[in-house]
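These are the structures, in structure tokens.
After this come two complexes, each holding chain A, first together with chain B and then together with chain C.
Showing the complex of A and B:
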């Protein structure tokens, strides 16, 4: 494998929730001991349900929230603790597209300025040169020069997301972080944007960190998938393997919970309906975070977080079911 | 199909906008049989939510108004019914569950108070009886330790529990019809699976009819008996769930089915319906889908296309239905 473009090791992000007079400050570990790599031009999807910490992971990579532990390397440089000017200098390599195209575009700016601002800020182009580049960018995302002098309110959700993407690729980034970038769109529009992302990846060789809760979309767009639960990655691996042979019971349940849009298949398949809710990240259970809902729970799961075990077909899963020694001991104990 | 309990006929709903009176629901007709689940499917702006709100006469007037048509519950006309009469029906015979349980529940009252209010309004029973009923329905939706949860406020519940509490409230008076507007859209998939299972088992036990409004075809495949597909304020196709997925008759339905990423092959380009839905004040002439339809001909742009009945209790609004062979779900 070539050297990774992005390398994240043992990343943790803790939020400190201020208490009151009688309430102590509480600590919320949104991300806890997370490691992953993204190769140049590769798409890694991070999937999980609300509260799994996937958006915080994305923000930590973007350096929008401070990591409390671990390291982030981009293109060989340690960016974990960069601030000020040095941080600003790496920004062109690292851009982001947000979920809501209504709040991520400044309503008082015309599109030429929205898309052109990164070029101005980083001193890439000004004046007529800038406008020329903006026009090329708009054409690249399927819009035209006649859109340049319009305001965001004149565009539909899908068009706005195209504008946000044009802005994000203006500086030719190596990594684009997409946080639920198609979740707010209707299916027909969503697919237009997914096809656009696919084209841009082929033309520009950008790597994507694709945060999503939609497994159907992820199966289509990702090379590799990382499954998160309560701030941890419980399984990761090549997309084909994850979808065909999920190793972690949570991944299995998650895939089983997505209804297949074909009534004959959907109504005859074996479904796993998990009991209960995701525990509060303020009071995560000890041991494996999933043990409170896991159909295969053993005694050992309740005390010690399992380590990642490599899986046949690629990737790894953090589950004692795949750790022969623990399974032996656990079965006997329970 | 079982005897219809809810019949909507030629419904028209208009809103006063900067563009004048705009018709967002136009000539919508469907019926839901006793114990049946009808899925009302469409993208944002298709008019599905306005249709479901109209059944309960819950569209804000002004700026909205029901401009025509008829909505009958068990043979009784709801359009034009007086407010006190409607209040007798809402929450009793017809109940509703919304997408956002945080906004549909009142944050200032406990779960118990909100369920008891419905029961006492419609059953006129004592506080104690109402509380017992509240415990019963919370138990029904699998809220653990329901008696002690009566005093909890909505914010103390998780999203999934809130939605179950909202379903409990809707079930409190044994409704004949449950209108569920995107009830699982805001939930995580594992919780969505729980709620869908719950609705299915409740329906098997109590036999209520469900009008299920959603944009998610996976959920439709899971739960619904029949489906009505809406586009630009009109129903373009109705069919049983198996027929609709296997052999769609309207090009828009085909487009929606082909656009599901799960059905595409990995690495292949995703099918997308070109363009965007029209704004309600700029409806295209003729078939409203023609600007985006891969099968459109000149004639499609000229005359209005009626919803035609086909064999097997199917309806479709397409003039080329006989010539076209459309692709269903694999």
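Showing the complex of A and C:
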């Protein structure tokens, strides 16, 4: 096992929602004690429902929101507390593609300036040299030099996402954070972008932190998957194991919701429909955050958050069903 | 649908810059174009007044006072026998210059603190906005009269007053726009790239807040002109021998029963010019609006 490129330990992000005259300030724990590693060139997918804290996790790793606890190490360097100029200097290693390609490109800039901006602000290249590199980048993502003098509004969603990717790889980052990077695109465009990402990984050896709510997409691109629920990672492991033998009841439920492209199987299979909604992250339930909706809930789940238990086939799950001692204790209690 | 095909066509064909797109959309607006044409003509007439005007605006002819419009004097003559057409043309210089002064002062006072309030937020924002609220709580005309009384009656002083009165709107506009732009994903993207704070403000925020500013400038040029007319009518603005349209109406008012045409022409000039500024502002807003064309 090589040293991880990105190492996140016990990361927490808390938003303070300022109250008014009569309402107290409330604290929203968007990310609550999350740990994971990404090896060089590896793709880790983080999946979960909206509101599960995946995007906040991505922004915390990017140091776009302040972590309230935990640590983030990139390439051996602690970047948790970097600010200002030192933070700016590590940015080239760590780039991001945002969900909405319609708002992530400045509408007042031509494409050459959008894609060339990272090169300019880090003093990598200027003038004709920069334009040459921008052209190469555009060609790398399937666009051409004739796109350079156009404005973002002239492009379709898929093309804009290609532009955003060209900008993100301009500095040859080691880690690319993709926050729902294909979610806003239609299915055929999604596939093109996923293929592009696959090609780029092969050519450049970039590691991806791939945030998505779409397990179908994740199955094809990820080496490992982390499943989040209410700001916590409830299960994590190699993609094949997660999809073949999901350990956490929440992962099972998520997987059963992925449509199967075969009407006969799709109609006959059992779907696990969870009761109720995701609890408010302002008042997460005590113990395991999933216990309010879990079909296998035990007494112990309602009081203490289960620790991660290693699973056969790789990875781990935070569930008492897989923790032999706790299961006994739980049975005795119920 | 036609928008979609148009953008496909653009992708195949020549690139269209934002400026050309703006021009193309602006050209479609007949009324706004007409208003712009009128304002340009008016500005030319004002600049070249000494050559265009048929008479010296100050030359008195006491044999022919308070005449109705005629072939010799298209707009008639005033109480000193001066040619009203020539005086209206020369007064355009004062009126336009006054509007320009007031808007410039409002911009200088309003825009920087508005941007600071919108971008800094928190306590800075609170302080700036409370000061603005205090300024806005004065009755406008009383404040204008007070400023002119303190500084002495002159057109520039009157326009300083008007500029101060208009500045809170620019301030609020810039604060709101800057706040909205700072929330945009492309600003977050710029941070993720590693742009410095000043780079983000200069390259990403400023270029995206100027469009609504242009619209407001055009509308406020009209408002300032109207305010100047009001103050000059009261004798607080342009001082003799200079004359603005408002001052002309103010003087002509005394002879309204004998010679109503005296206030009709400068009054019409004010009304049409103010309307032209408003129409131009509307046209700018409609052709700068990004949302309309945003394809989903």
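Keep this in mind: the second predicted complex is superposed on the first by the 334 of 334 C-alpha atoms of A that agree within 3 Å, B and C clash if a C-alpha of one lies under 4 Å from a C-alpha of the other, contacts with A are read in each partner's own complex, and residues count from 1 in each chain.
Methods note: a contact is a pair of C-beta atoms (placed from the backbone, for glycine too) under 8 Å apart; a residue touches a chain by one contact, two chains touch by 3 or more.
These numbers were taken from a predicted model, which means no experiment stands behind them.
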- Is A:189 in contact with chain B, with chain C, with both, or with neither (first, second, both, neither)? first
- Query: Which partner does A:260 contact after superposing on A: first (chain B), second (chain C), both, neither?
  - Reply: first
- Mind working out whether A:95 is in touch with chain B, chain C, both or neither, as first, second, both or neither? second
- Could you give the residue numbers on chain A that contact chain B in one complex and chain C in the other? 156
- In the complex, chain A touches chain B at residues 49-50, 156, 158, 186-192, 194-195, 198, 213-217, 219-220, 239-240, 253-254, 256-267, 271, 273-274, 277-278
- Message: Which residues of chain B touch chain A once you look at their complex with the stated criterion?
- Response: 43-44, 158-161, 188-194, 196-197, 215-222, 241-242, 245-246, 255-257, 259-264, 266, 269-274, 276, 329-330
- Item | Touching residues (chain side chain A, partner chain C) in the complex | 62, 64, 88-89, 91-92, 95-96, 98, 100, 102-110, 117-118, 121-122, 146, 149-151, 153-156, 164, 167, 171
- Query: Residues of chain C touching chain A in their complex?
  - Reply: 7, 10-11, 15-18, 21, 184-186, 188-196, 199, 203-204, 207-208, 290, 293-296
